[in-house]
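After this come two complexes, each holding chain A, first together with chain B and then together with chain C.
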Partner chain A sequence: MFDVIFIGLSLSSILLLVALGLAITYGAMGVINMAHGEMVMIGAYVAVLSSIWLGANFLLAIPIAFVVTALLGLLIERLVVRRLYGRLLDTLLATWGISILIQQAVRLEFGLTFFGIHIDGLGPGLQNVTVPAYLQGTVSVAGLEFNGYRAFIIGVTLALTALTWLILYRTSAGVQVRAIIRNPKMAAACGIDVKRVNALTFAFGSGLAGVAGVMMSGFKTVFPDMGATMVVDGFMVVVTGGVGSIFGTILSSGLLGEINALVAIGTNDIIARAVVFAVVIGVILFRPNGLFSYKGR
Partner chain B sequence: MLNRRNFLKTTAAASVVLSAPTLIGRAFAADPIRVGALYSQTGGLSVVEKLLANAVQMAASEINATGGVLGRPIEVVVEDGASDPKTFSEKASSLILKNKIDTVFGCHTSASRKAVLPIFERRNATLFYQTHYEGFECSRNVVYSGAVPNQQLGKYIPWIVETLGKKKFFIVGSNYVYPREMAKVSKKLIEASGAEWVADEYLELGHSEWAVMVNKIKESGADVVLSNVVGDSIIAFYREFKNQGLSHETIPICATVTSEIEIAAMGAEYAAGSYMSVPYFMSIDTPANRTFIDNFRKFTNDPKAVTYHSLEAAYFQVFLWKQAVEKAGNLDPQGVRDAIRGQSYDAPGGKVTIDADNLHCWMTPRIGQWQADGQSKIVREEPAPVKPLPYSAYGETEDNLFCTAKGLDQAKLKG
Partner chain C sequence: MALERKIQLAAYGLFIAALFLAPAFGDEFWLNRIAKYLVYGMLGVAIALTWGYAGILNLGQGLFFGMGAYMLAMSLKLSSPTSLAQGSDTPVPDFMLWNAEPGAPTDLCCINKGSVLWLPFQHQWFGLAMGIVLPVVIAGVLGAIIFRKRISGVFVSIITLALVLLVRLVLVDAQPITNGFNGLTDLGWLTIGGIEFDPYSRATYYLCAASLSLTLIAARLLADTRASLILQAIRDDQLRARYLGFDVPVYQTFFFVVSAAIAGYAGMLYVVVTEFASPTFMDLSFSVTMVVWAAVGGRSSLLGACIGAILINMIEAQVSETEALVEAWKAIIGLIFVLVVLFMPRGLGGLAHSLVARFQRDEQPSVSATAGAARSETA
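Up next is the complex of A and B:
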């Protein structure tokens, strides 16, 4: 029983890790950011590159990845997304295009392959990150055996979630973000610099994706396409939880992760996946706004 | 690494490469023989398939350097299958009909091979297919240079039971035809060896969440895992295996697909101690293999490139074709296919022979144990090459062949 709960918790934390950034960009800004998965991918590549080229420790890659992807997010917001606020479908198309560009940039090593130059850690191949020995294998606490790396992911996810909550609910910037979620025009009328807050929010959401990427790199394969499937899971969690609600996102990732683990252990992973999708469809049918949602005014 | 000198060096090297075809062209008076190389150059499978195309091109350039085939140089026409069986079938048609090529080296997945098969059979062309696959095929138009299940599993399973002393198998694979056929053959061999299998589980291709499956392995009481998992799922699998506290010392993973490529991509420490059965390993310590590795690294301009079973087969199949053409004395496809029966070649991994009955390949099965440096230690090697039996899952034996030069004996398959 303990195994089921722990695996479920682990699956939930991985879902939440990817969805947290999306919950902010999609929820707060109404941008369907299809490039979110590529931010995760970039985060993973930051972990690969920083260990090859800087000899950096795995843990050190977490802040580096946050900064790199946050800056990239800022750039994307300034260049593209800023011009598309309020046009949901256009943001979907534009960010999808960006996601393809980013994938190809990594695959072609930012164009350097055309000059016959190869950078270790980039290119179309599979990469890996060395995880410190103390995160491999198991740790036992109170007679129970934990998968060390998964426990670490759960810890990081909890910390990031707490951080996000603190920023949103305990800082003045957070108040501004929440005001924009409720009603951007009214927020602007109250003197909030909506453009500036949006840019920072987008950067923060992208940075969270970057950290998610570092965590993924420790137990999944790193390759240019890795983000494409994750963004689907991320949206699934956000939509189920209710757009604009951090609490809803946390709850729905917990729910979907545990359902997945429970069904997968009882039957197999293929059926578990189907059941998860059935639950999501059910939620959307009966609660079109998700489990928790704010009513915009 | 990006200074001016390096840049100049690279540009100089590039211009040499670019001018090379014209130099080769001038060295030969005769028209080139055109052959196809049909591999994915784009899409998810391109990482692996580009290497196979490289191996074919390298073999062709080596043959050209020593005088070509029948005094004529080989020209390799590369087509892109784009990781999609439908595209493979279109490009195969284009090679055969538009380019008038009747010899194609190509395909990697069984899905792409099945998609192009009817075209080769209808147009009397020949496909050289190098990947180890599930068997259950007896085409007169395909020369199969990869291993079939009896060559990978025939000695592997008894060895696991007798030498490693394992009694309970957990069979796990990706959900498609190859792992399922491998499981079918394995179960027969496991039961014949007096051991048992406790589970036969599958995950979708590309699945990378292994928490539940590894937990099941842990709970199952199995003392060995037989893995037919393919692709990048392998990496997540081995990592999760170690992270859940399982050890190859007590419950080794014995794999049929995990090659040097996947080991390099997962980090060697995760696989150290596990096993793999395949005829070729990069660690085979012969002058021929060392030369092959050096040449491949030079050819691909990657000093860290690894070689593995399918790559070796992609390479030596070109030499087998050359010998068959020279024996036939002309390029008539049927004549070449008749001539290739019984042809032997000293490949980097040892002697290989095309079987006179089923056009598959005799080769020497080996079992390797992965070491901490990402290479294998060969722990068992057959004394002689083993005959390929593509229908071993359905009862084919050396004394009772299903697939012969006359074609497939349908009655035996049903009986």
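Up next is the complex of A and C:
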């Protein structure tokens, strides 16, 4: 029983890492970023590429992935998302287009395949990342055995969540973001540079997704389409938790991850996912604002 | 306004005429492909009806399409030669035999748990009827719940999206009765009143062309009714419409159901044309792709969305002839989509309307021009 809960906790952590970025961008900016899953994918590819080309170790891939995806997020915000504020469904559609573009860019190795050039680690095939030895194996604490890598994921998630919380609640930039979540126009009237803060928020959210991608690459195969399911899962977490509520996102990722793990033990993975979808539909139907939401002002 | 109305009528007339003249220009193989695109065109109409007129972005339209497809495919599977030749009283689908437990009776009633569900599908009319009834009932119940609870905007999109993924998972998991990932293949032909609809025949093409024409005309007539005007009012300001005393959920549910019925019908036609039904119909990407077609063609223009769907698929087929371009084409579609949302939110249909409006203004700079511009929002 205890390992099931532990596995659920590690699933929750991945969900949370993906959803955290979405929660901030959706909450603060009213933007549904369907390309968020592609940020996860890019993060995973950064892990692949850095191990092939830089011979860098797995841990080093984490900051690199953060920087790469954050810059990409900034670019997307500047070029596309910025023009669509206030048109929620249109942001969903436009970023879907972007997600296809990014997928194809990786699959076609940024167009280099047309010139017969191949880069190891890119392209349509499956990639793998080997987790360093010290993260494999098991850790035993108080007589209980833990899978080392899963424990590592949970640890990284805790650290990043704490960091996000610190930024949001203990820095002046965080105060500005929270003001925008409550009421963007009022925030602008108070002298907050909403555009700038939004752009940075978007970049930060994308960066978190990139880190999630590195974590994912450790136990899943990496391929260009891997992000598509991630963004759906992440978004369900955000909606279930309540838009604009970081706390809600944390709890709902815990809830959905545990449900997934518990049901999967009793039946199979497919049914478990189906049950998670059913729970999400139920929550939206009966609590359209999510489990933990607070009103905008 | 009168002029615009005439141009609109002419556009519909031309399009339908083109549908029926197309067989003169190609062989059966080509016609089969075009018939498939016409089915996609119907999906474009279904999306435009809910998205353009009701402001409901259904990201799970594939659910209704898939339901229609599976219902008819089950009937056609039972009428295929492979199912009939199993030496039992009832036809038995081949995949059920492959997976049957040793000693299980070769009969549809009890070859496995759940195969009973297939029994009524021995009658082709049952499959045909269910292909419409099931989507309508599901959409009715779903719509009634969603819209009574005043759920709107992106939350409707999330619910429909989650639902289509949920059903897809269950469908794949129920392998013994649905053949899981493989879907239903090797189907018989649809037979109505002695006419066999061989997918590579002109009869099938005309069936699709007539279905699309009727759908377009019916949807257009529906869009001209008072109910549609109220629906558009709801789209623009739901609260105000409610305060004016309109029963908002009823209108929303009704259009949601009509759109589901069109999608279910399109699903059935698709099965007739392509001879298979597969869980990929319920993939998220397929449902979003439909929205792309409608967006490019013009979300608030029924004919535009329909032409958008057909056009994109024809171009895609052309491009895909060159193997190297297949993947590049997907990237181009992504790019087109971003550009359309950014710079042409009303799509090709909106473009046509602006052109007509400009033309009109040059002709007679009077009140009717502004009226025409106002009307061009929807059509």
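What to note about this one:
In this text, the second predicted complex is superposed on the first by the 297 of 297 C-alpha atoms of A that agree within 3 Å, B and C clash if a C-alpha of one lies under 4 Å from a C-alpha of the other, contacts with A are read in each partner's own complex, and residues count from 1 in each chain.
Heads up, the rule we're going with is that contacts are C-beta pairs under 8 Å (C-beta built on N, C-alpha and C of every residue); 3 or more make two chains touch, one makes a residue touch a chain.
Here the structure is a predicted model, which means the values were calculated and not measured.
By the touch criterion stated above, A:268 is placed in contact with chain B and with chain C alike.
Of the two partner chains, neither chain B nor chain C is touched by A:213. When the two structures are aligned on the shared chain, A:236 is found in touch with chain C, with no touch to chain B. In the superposed pair of complexes, A:84 makes contact with chain C only, with no contact to chain B.
Contacts of A:43 after superposition on the shared chain: neither chain B nor chain C is touched. Of the two partner chains placed by superposition, only chain C is touched by A:288; chain B is not. When both complexes are overlaid on chain A, the residue A:92 reaches chain C alone and has no touch with chain B. By the touch criterion defined above, A:244 reaches neither chain B nor chain C. The intersection of chain A residues touching chain B with those touching chain C, taken from the two complexes, comprises 124, 268, 270, 273. Contacts from chain A toward chain C in the complex involve residues 32, 80, 83-84, 88-90, 92-94, 96-101, 103-105, 107-108, 114, 124, 228, 232, 235-236, 239, 268, 270-271, 273-274, 277-278, 280-281, 284-285, 288. Chain C contributes residues 57, 145-146, 149-151, 153-155, 157-159, 161-163, 165-166, 169-170, 172-173, 284-285, 288, 291-292, 295, 324, 327-328, 330-331, 333-338, 341-342, 345 to its touches with chain A in the complex.
Listing the residues of chain A that touch chain B in their complex gives 3, 7, 10-11, 14, 115-119, 124-130, 136-138, 145, 147-150, 218-221, 223, 225, 229, 261, 264-265, 268-270, 272-273.
Contacts from chain B toward chain A in the complex involve residues 1-2, 6-7, 10-11, 13-14, 44, 46-47, 175, 201-204, 206-209, 211-213, 215-216, 219, 232, 235-236, 239-240, 242-245, 261-262, 265-267, 269, 301-302.
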